[in-house]
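Take a look at the structures below.
The following pair of complexes shares a single chain, chain A, combined with chain B in the former and chain C in the latter.
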Partner chain A sequence: MNRKRLLSVLLIVVLSLSLASGAFAKGLVRITYYFPVGLAGPLATVMNEYVDEFNALHAEEIEVVPVYSGDYDPTMQKVQTAVQGGNPPDVFIVEISELPTLLAMDAIIPLNEFADEEYLADFFPAFLENSYTADGQFWGVPFQRSTPVFYWNKDHFREVGLDPDVPPTTWDEVAEFAQKLVVRDENNEVERWGVTISGGWNDWIFQGFARQNSSQLIDFVTKSITINSPEALEALEFWVHLTQELKVAPPHSTWSSTPPDFVAGRTSMLYHSTGVLTFMKESAGFDFGVGFMPANTTYGAEVGGGNLHIGKGIPRENQEAAWKLIEFLTTPEMAARWSRASGYVSTRVSSYDLPEMVAHTTEHPEYLVARNQLDYASGKMMTPIFQRVREIVKTALDEATAGKITPKAALDRAQDQTERLLRDWLD
Partner chain B sequence: MKSNVYSKSNSPNIFRKFLHWIRVTHAHIHLFLILLCGITIAPYLWALSTSLKHRVDVFTKTPQWIPNPLRLANYSEVFEMAPFGLYLINTMVVVTVILAFQLLTMTTAAYAFARLEFRGSNILFMFFIIQMMLPVHATILPNYLIVNKLGILNTRLALMMPFFATGYGTFLLRQTFRQIPKDFEDAAIIDGCSGLRFLYSVLIPMGKPTLVAQGLISVVTHWNDFFWPLVVSDSPNIRTLTIGLAMFVQQESGADWTLLMAATIFVTAPLMITFLIFQRKFIESFMSAVLKG
Partner chain C sequence: MRSVAIRKIRPYLYLVPSLVFLAIFTYFPILYSLYLSFFKQNILHPQPVFAGLANYVDVFDEKLFFTVVKNTFFYAVTSIPVTMGLALVLAIFLNEKLGWVRNIYRVVAFYPTMIPMAAAGMLAVWLFNPGIGLVNFYLKKFFGVSTIEWLYDMKWALPAIVITSIWKNFGYFMLIYLAGLQNISGELYESADLEGCGFLQRLRYITLPLLRPTTMFVIIVGLISSFQVFDLVYTMTQGGPADSSNVIVYYIYQYAFRFWNIGHASALTVLFVSALLIFIVFLVRTVERRVHYEV
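Then we have the complex of A and B:
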């Protein structure tokens, strides 16, 4: 009896607490919006500003509660916990390769009814590739998007007699330039690397190399896995050539240590995301260039970043409010603003014609490189439980560049492990 | 620091003789300790130094220990990016309330397990031990479901409630209580002191080192906890320091080192200062907890 009373007292306290927080204000649709911050800078503050503007526009109708949710991984985990806990967020941004996992969890709704063709036609096609399933359903709107690009230190180029304005454009040239740029001390220890292919997300960059060799690793729509294709093998052999035979590239590195390495002059050329361009500009005490990733049979890149999704199992009016927020955040004007504030590539084609964007890109033409490279870019590979596929691919790449295993054995093993891991999905 | 490193009466005689035999003097030991101290403190000093640098000075070819020019603006920039003052208060509230509840639940539970005989006490105690072995991540979803059912998501209570009881603390304290001879209890009973009174005036004072040790572990653990607060909190009004800290680590671009280090120094400073002030007390408690345990 006593315990029951205690419980009811507790319940009343709890209810009044949630009432006090104003969750049941009338006539107002309140939606939660989880967003990660993937790049350096006060982006959480910027995002809060955008949401404040949206709320001011829709006062009395909609109130968006912006929730900063950590990095991409914590955000996905927060979404997963919330969905399984029966409390899905209304709008959220997660890393683009998570789409199959979200679908497997039945966590999101298709957006075809909201997004008309005219709206979608203005997005860069490569950015849209991670939004569709084979049945033509559209699940996520591109928002904070990037691609890897190629950075080179112009001072180092001058120092070794290379033209500082002409970066390598082919794999062969990368190897050739790197041999000129590498600096070794009297004990033959490397003091400065010729080129660095950043680790950590090297699966992402490797996918670009497969593209540059007219192939791909995983196609989500056709469910084909070709990690050990001859083209991919040639790409990995090129990496091993750089790291093990020529010893002009470090066999190991981490994603966050290589931009500082470049800035400190410990590597002359670098493969990294366009997202670090602003960091480089602020931190580098020298002249550097930004270009396309060099080609083999063709130029090639793959997109990255995060898409906006609407959660499943929320009331209809919340879905509509959520779409209004997405529309607001992805207008050409907002896409341009976000791109300038963050360093991400703007997702809307027409945004680059806006006066403020023209002014910005005339002053800093290096911000156009990633956009121009989109002509050669494709979607990022994705599968259900993609995090584990990534680990498989990364382990194969790391062991091969470290010389522990031949490129062929590494890729064959990765192919086999991935096929076994995804056998239910492949059937 | 102390000249009697190994001449203390409680250090074993053989050890002393051994040191003497291999000709290790105080100077050697001090040198070794200074070296250890240097290794321990270097990362912290490096973080402090980075937090006061300009971005271009962080990655120089020869490491620069003393920032020149000095840049204090990193700290103000950090404060602009998130309400760190509020986060600090929230963290202190969360940590203190959790500790208060843990002290209450663990002393009473440990007393029951150590001194009372009741049916199923062994099985119940086994559950406590199992709880110790469960990885935190395995309990996140069940905890979330409960918190959601109670309707307290996004409140301070949700940040704290799952940690009101502690299996580890209960276990530790039960062992301590069990080592206190039964004679004390008999004597207390003869003097008319039993039950909770006995717990309060005899057992707790004697178990103080364990309580301090567990208190430290609890405070540090919850001060550093990131994932649970992130999952159950949405509003900045109740969020804790670690969530603010995470804003400076980014997957796509790597970290913003100067700001990240400034934030790290700010986040760790309160614990650091507290520890420095109460250092002697803490170490004494730990030593006696270890020796007794």
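Then we have the complex of A and C:
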């Protein structure tokens, strides 16, 4: 008897609650927002703060439900599963090279109607390169964006008689400096590397090296794949020269462990994202410099990071609400705030003229290096099934730097595998 | 009449809930994978197209597949014997009367098992860091070993994962062995004492033979879990460098959720499940004959 009564009371409570929330939801647009952050923890909190501010501004009108979705890979997986399940997120950030995959899945809408010329003119052009298709459609708004930069340990430079304020500016100088900086023990084993080209995202850094040699690996718009071009081959031969012949650079490493290696003084020079600059400043007990990645025929870098997208197949009012969120997150003021909190490059040109940004960059000029390097930077390579292409390129690089295969054989194989994988797209 | 029928049906009724769950979450997915494995479906072809055995041909066409199988076997063959040996030795010692020290040792040995796998993986990444990790520090200090690049090195990445898994799992196996040891009747040891048997003789003629059912269980559980190793690979190396630590389940995961090639991933899954099944049946048939279950 008693149990039955309890049950009916519970039922009534549940029913009335759901009715109440239904009434409350009238007129309120609720949208979900998936976001990854490269560095877990603090940045997710920052993002939640922004969303709270947005929700307060649009109380009774829009409610954004932020979903912290881990790293870039898990975020893309969540988006893909949600799209396949017919329930796409309203607005989300994924890694910029995922655009062709999103298009192949028919997962996003073009944003031309929302983004006017004046708004777009204030973004750094290099950051916009991963947003367009050949037909001029605009698909994603730059948000958390970066380029790789070059870090060097000034104490180590002093120790071996190099000028601590003059980093290497060419590939040849990288090799020359690294030979001076490397330290070996009595068994000729390396105790301190001269230079480290961070693994894990080494495909990304390698694209920068192809740019520094006036070439590129993949052009999305013209659908040309030139992974084994003579210029790219020269770049990989340079890597093998550093790792196998001179033995001044480790053949492999992981993305997350090389910044601590640099901070611990285990390597004197490092190629890594500008995104770890804040970590370096907080952790390094020594003087270090930040500069452009050294040039061969030219300076060069590829942009990286994540763009904001709006999902397809959601109600019109959700799309409009999603755009309001995107606008809110990408004003010059917010771009500047996010840049200071994270170490990412601010996406808006004018944000660097804001008083708080001027004060910040005057005090810490290192934060300007990645922005200045943008003059030499271009869009990141992208294709459908990009994750597979990445694996193909990374395996070629890793096997070559391990000395298991010649650079030429490695790149020829990668070229062939990529062409076969994408033959339907290339036709 | 009726009561007999009910009595016959009753056990099956009790099994229904677990069968429903197994059917939904295990048997259906296995059969569905079999079905999907005959279709081409990937990002460029979101609509499945019947492809016969093409996915299976693709699987064997890729050299990496054999590397991955080899890596998985390497993991199983190196990690299981060491984990079992360590667990057995510890269990035998901790089964002796050592007073309160025993409980402390049991906790210490079991502790790694309680750490979540992902946390253990992250911890291991730091321990194995070539420059600032404790592993290299102590190897150098006590054995004069010069720097090993561990996770950065194609030769050492997989062994580092094996070592981590041994550290992580031996406590669990030890617990199973301890339970097995406590099932062995004390009378047997008493009579052995009366006959004047030493420690080694008791071990050789009583403990080890009577632990066979436990050993059998540990081998099967160990094999299954080591063929399924994923978490440590995911957190420590993501299969790298150059796939030198890629294993079957991680490889399937890559195809399914990173390359989004569902057909290929399903074909891999079907092959994997079949191989595992054949292996277990074979193992149970050959080894079980030599196991005594009664005491």
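As a working rule, the second predicted complex is superposed on the first by the 401 of 427 C-alpha atoms of A that agree within 3 Å, B and C clash if a C-alpha of one lies under 4 Å from a C-alpha of the other, contacts with A are read in each partner's own complex, and residues count from 1 in each chain.
Heads up, the rule we're going with is that contacts are C-beta pairs under 8 Å (C-beta built on N, C-alpha and C of every residue); 3 or more make two chains touch, one makes a residue touch a chain.
Worth saying up front: this structure is predicted, and the values here are computed from it rather than measured.
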Do chain B and chain C fit side by side on chain A after the overlay, or clash? clash
After superposition on the shared chain, which partner residues are touched by A:D398: those of chain B (first), chain C (second), both, or neither? second
After lining up the shared chain so the two structures overlap, which partner does A:L57 touch, if you call chain B first and chain C second: first, second, both or neither? neither
Go through the superposed model and pick first if A:Q77 touches only chain B, second if only chain C, both, or neither. both
Does the superposition put A:V166 against chain B (first), chain C (second), both, or neither? neither
Would you sort A:E282 into first (chain B), second (chain C), both or neither based on which partner it touches? first
Let me test your reading of the model: by the given contact rule, A:P260 touches which partner, first (chain B), second (chain C), both or neither? both
Which superposed partner A:L426 touches (first chain B, second chain C, both, neither): neither
Give the one stretch of chain C, out of 58-66, 202-210, 256-264 or 274-282, that collides with chain B after superposing. 202-210
Intersection of the chain A residues that touch chain B with those that touch chain C: 73, 77, 256-257, 260-261, 264, 266
Across the complex, what residues on chain A touch chain B? 10-11, 14-15, 17-18, 21, 32, 37-42, 44-45, 65, 67-74, 77-78, 81-82, 84-87, 146, 255-261, 263-266, 273, 275-276, 279, 282-285, 304-305, 343
Chain C residues touching chain A - in the complex, by the definition given at the top: 42-46, 125, 129-132, 146-147, 149, 151-154, 237-238, 240-243, 254, 257-261
Would you pull the chain B residues touching chain A in the complex into a rising list? 55-56, 58-61, 77, 80-82, 140-141, 144-145, 148, 150-155, 157, 226-227, 230-231, 234-236, 243, 246-257, 259
Which stretch or stretches of chain A touch chain C in the complex? 73, 77, 80, 101, 104-106, 185, 187, 189-191, 199-200, 250-254, 256-257, 260-261, 264, 266-267, 384-385, 387-388, 391, 394-395, 398-399, 402, 404, 422, 424-425
